[in-house]
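Next, two complexes with chain A in common: one pairs it with chain B, the other with chain C.
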Partner chain A sequence: MAGQSDPHLSIFSAEEVEFIAEDEMMEIVPNMKMDPLNLICGDFGPFRPQIATEVPLWLAVALKKRGKCTIRPPQWMSVEKLTQILEAERESPREFHPLPFHYVEISRLLFDHARDDIPDVYMVRSLIEDIRDVRFHKVETGLETISARTHAVKLKNLSAMEVNIVRPFIVRALQAFYKHDSPQMIPQPDTIGNRPPQVADRGPRVRAKSHMPLGTLADTL
Partner chain B sequence: MASGSEDGLGIPSKDYDSLIATTDVELLKRAWQNEKAAPEILQFQADLIRRSQEQIQLMEDTVEEYAENGTDPLTVSLYQMDLDRTQFLLRSYLRIRLQKIEKYMLHISKTELWNRLSKQEQKFAKRSTDHMEKHLKQSVLSRLPYGYQSILKQSISSEDDDMGTISSFCANHFFLMCYCLFLSFLIY
Partner chain C sequence: MSSYYDIDDIMMEDEFVSVVFQVAANGVGLLDPGAETNCVEQGSKVELPFWLSHELQLRQAVSVNIPACFNQKTRKEIQADAACVDLRNRCPYFYELGCKIAPLVGDRTIGSFLLYAFTGRYKEVLSKAHSAAIAVAPKFLTLFTKEETHLYEAARSSMAAFKKWRLGGPRFERASILGRKRKPND
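Moving on, here comes the complex of A and B:
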């Protein structure tokens, strides 16, 4: 069913994040002639051979699959740029380098469907994987600093997939801290009398079970 | 707290120009994302949903027409893909709301959240609550001693209904969730 991803794992499933990323604009060079498309999500085209035009990623991939165009990879997807980014990521252990919000999904889709359009595809691919690993390692070390006094976690320049993976964990962790911290959770003398105490702390314990261990977080990437 | 999450995710007024250029699909996508991420039910986007439905209807007719008059199959399939994507957004949006209504129907029907539902959703919520009440009565409550038969109160002698406590618990929960969601959207 549409939109019924398990809310306990993450708010958006990987497919849904990809769906969102598919609306990013991409430059393509068609090799056929086609009239403009007046779609619900906008008007695109006209398509003329060898004349570049901008379309959403899903449209680019659809045309590419049928052999009707070549996709021009975005500027940041070059060995030179990515090497710079990787170095910057390694140099600053606490900050994230600004990257396109959907870089994971875009690169993944292009690797899957438009390998032949990306120069040095193997190099680019391994660079992006390295960048992803370095960044996720930072997220993990960042999560370790969450404590009872954490009221907010600021993670600037995090990308869609990264946010989506850590969101449920951060939300539940902060929630757990908040619960244990709140005066309501500390049994008051008068409520102990008419309510068995284990009822009061059953909530957090059940929740604690559903925490996803950090190790598996990385695996879901 | 509710308005906080809505305002926080809304479009800054300085982006007014881009707002005009924003398509309904873009707005629908935003509404869908917000609805998915928010723990509580948000205001039903009545106008947006109506417009989207009209556009989908129109596009369905167009695709049918193209398929009949022998337009290039590639073009037809692209139009169909666009249609499918929009339909997915709309369906998912409506279903998430129904899920939330099913989950929190008692809370929603007893608070101002009720006004955020569309007419049809209110009907749905009313019916689900009735069914739930009927089911609980038939299976359990009718066998309990008199005075313990309300679905809302622990016993007839309790001053305030216990739904109240649950509501305040939910509210607390919501507050926290919004708080964290705000964080996630800072990143957006």
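Moving on, here comes the complex of A and C:
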């Protein structure tokens, strides 16, 4: 699956990633009575006033825009939870704390459309920004360890948007290293360094979800 | 990575390399600006584009010299501080030309030199790529070769696109035709 914005690079634009994120389920509390919606993507509802129900984010936003519901922010979107996560991110310089795969997009959509439903919205917002900055700094320091012996980058717990930002750079960098380390260019690979084929320290251990591959290149050896 | 229609590949083959003619060639005096007659003497040193020297070398008409950007002086400078060497000035297609010329000149050290140079300069590209300010064209960009510039641009543009998305703005663009009043005679 590739993005539609640029046919040559097969990358997603930020809007496309947001579009994918809109399928995440979200809890809403309707304030109107409505029969169940039977859509191709599933059945949602029935909607009764003050009875919570689960709908996709796009439907939640659409109902919210018409003033038909309030959105219940997800569990992780509270000040205590986010403070914990931020501390955990700062304490482990090489690992990423598990967060929802689409946390950047979900938080952006909720901040745009449901500000009044999030308690301490300013605090939550700045915490999420901080978490994202800390994580991205980790990605950058991890990228420094890419070298000629890197045949793939494993990014565990990295979120969709974060992967999307670094994907073009990583793919190009890996391709360039692959080209310059090919056996035709380097006649005796063993003389460069007697390293084992499996290098222990190969950048941040971050696994992308299987449907969003970062670009994997075969080992040259 | 290179293909027939790759513009960078075409431009790269236009880089000049110096060759020594192994045979005398009649009627090609324009290749050698110093020639007095319309022919190139045997043993004369001429600058030819890469694509031409490659073809002539296959026919054993010329022998290719190692271009200046792969000489000992450049290698010393790269060893001293890879990131500060102005490679674009020496050869904008440093890596691509290096890959293609290594088998022609039979110098096996070029490959590892390229890898060494790229590894050293990669960190410089990385440290600047994601954090650079959007609007300003930075000074260090003039030092990068084509390949490094592409790498830098890939990172910078995806970061810029993300920042633009995060700041928001109009989500739906209104078609210009909407909201316009019809003329009464329509």
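Quick note on the criterion: the second predicted complex is superposed on the first by the 174 of 221 C-alpha atoms of A that agree within 3 Å, B and C clash if a C-alpha of one lies under 4 Å from a C-alpha of the other, contacts with A are read in each partner's own complex, and residues count from 1 in each chain.
One rule holds for everything that comes next: a contact is a pair of C-beta atoms (placed from the backbone, for glycine too) under 8 Å apart; a residue touches a chain by one contact, two chains touch by 3 or more.
What you see is a predicted model, and the numbers here were worked out from it, not measured in a lab.
Chemist: So, A:A62: does it touch chain B (first), chain C (second), both, or neither?
Modeler: first
Chemist: With the two complexes superposed on chain A, say which partner A:D112 touches: chain B (first), chain C (second), both, or neither.
Modeler: second
Chemist: Answer with first, second, both or neither: which of chain B and chain C does A:L174 touch in the superposed model?
Modeler: A:L174: touches chain B, not chain C.
Chemist: Once the shared chain is lined up, is A:I40 touching chain B (first), chain C (second), both, or neither of them?
Modeler: first
Chemist: Figure out whether A:Q75 sits in contact with chain B (first) or chain C (second), or with both, or with neither.
Modeler: In the superposed model, A:Q75 contacts neither chain B nor chain C.
Chemist: Which holds for A:E144: it touches chain B only (first), chain C only (second), both, or neither?
Modeler: The second partner, chain C, only.
Chemist: Could you say whether A:Q50 touches chain B, chain C, both of them, or neither, answering first, second, both or neither?
Modeler: A:Q50: touches no partner chain.
Chemist: Who does A:I11 touch here: chain B (first), chain C (second), both, or neither?
Modeler: both
Chemist: A:M161 in the overlay: touching chain B, chain C, both, or neither? Say first, second, both or neither.
Modeler: Only chain C is touched by A:M161; chain B is not.
Chemist: Show me the chain A residues, by the header's touch rule, that chain B contacts in one structure and chain C contacts in the other.
Modeler: 11, 167, 171, 175, 184
Chemist: Using the touch definition up top, name the residues of chain C that touch chain A in the complex.
Modeler: Touching chain A from chain C are residues 1, 95, 99, 102-103, 108, 110-112, 114-115, 118-119, 122-123, 126-127, 129-130, 147, 150-151, 154-155, 157-159, 161-162, 164-166, 168.
Chemist: So in the complex, which bits of chain A are touching chain C?
Modeler: Against chain C, the touching part of chain A is residues 11, 13-15, 18, 108, 112, 136, 140, 143-144, 146-148, 161, 164-169, 171-173, 175-177, 179-181, 184-187, 192.
Chemist: Provide the residue numbers of chain B that touch chain A in the complex, in ascending order.
Modeler: 23-26, 29, 32-33, 36-37, 55-56, 59, 72, 74-75, 77-79, 81-83, 85-86, 88, 91-93, 95-96, 99, 172-173, 176-177, 179-181, 183-184, 186-188
Chemist: State the interface residues of chain A toward chain B in the complex, per the touch definition above.
Modeler: The contact residues of chain A facing chain B are 1-4, 11-12, 19-20, 22-23, 34-35, 37, 39-42, 58-59, 62-63, 66, 68, 101, 152-158, 163, 167, 170-171, 174-175, 178, 182, 184.
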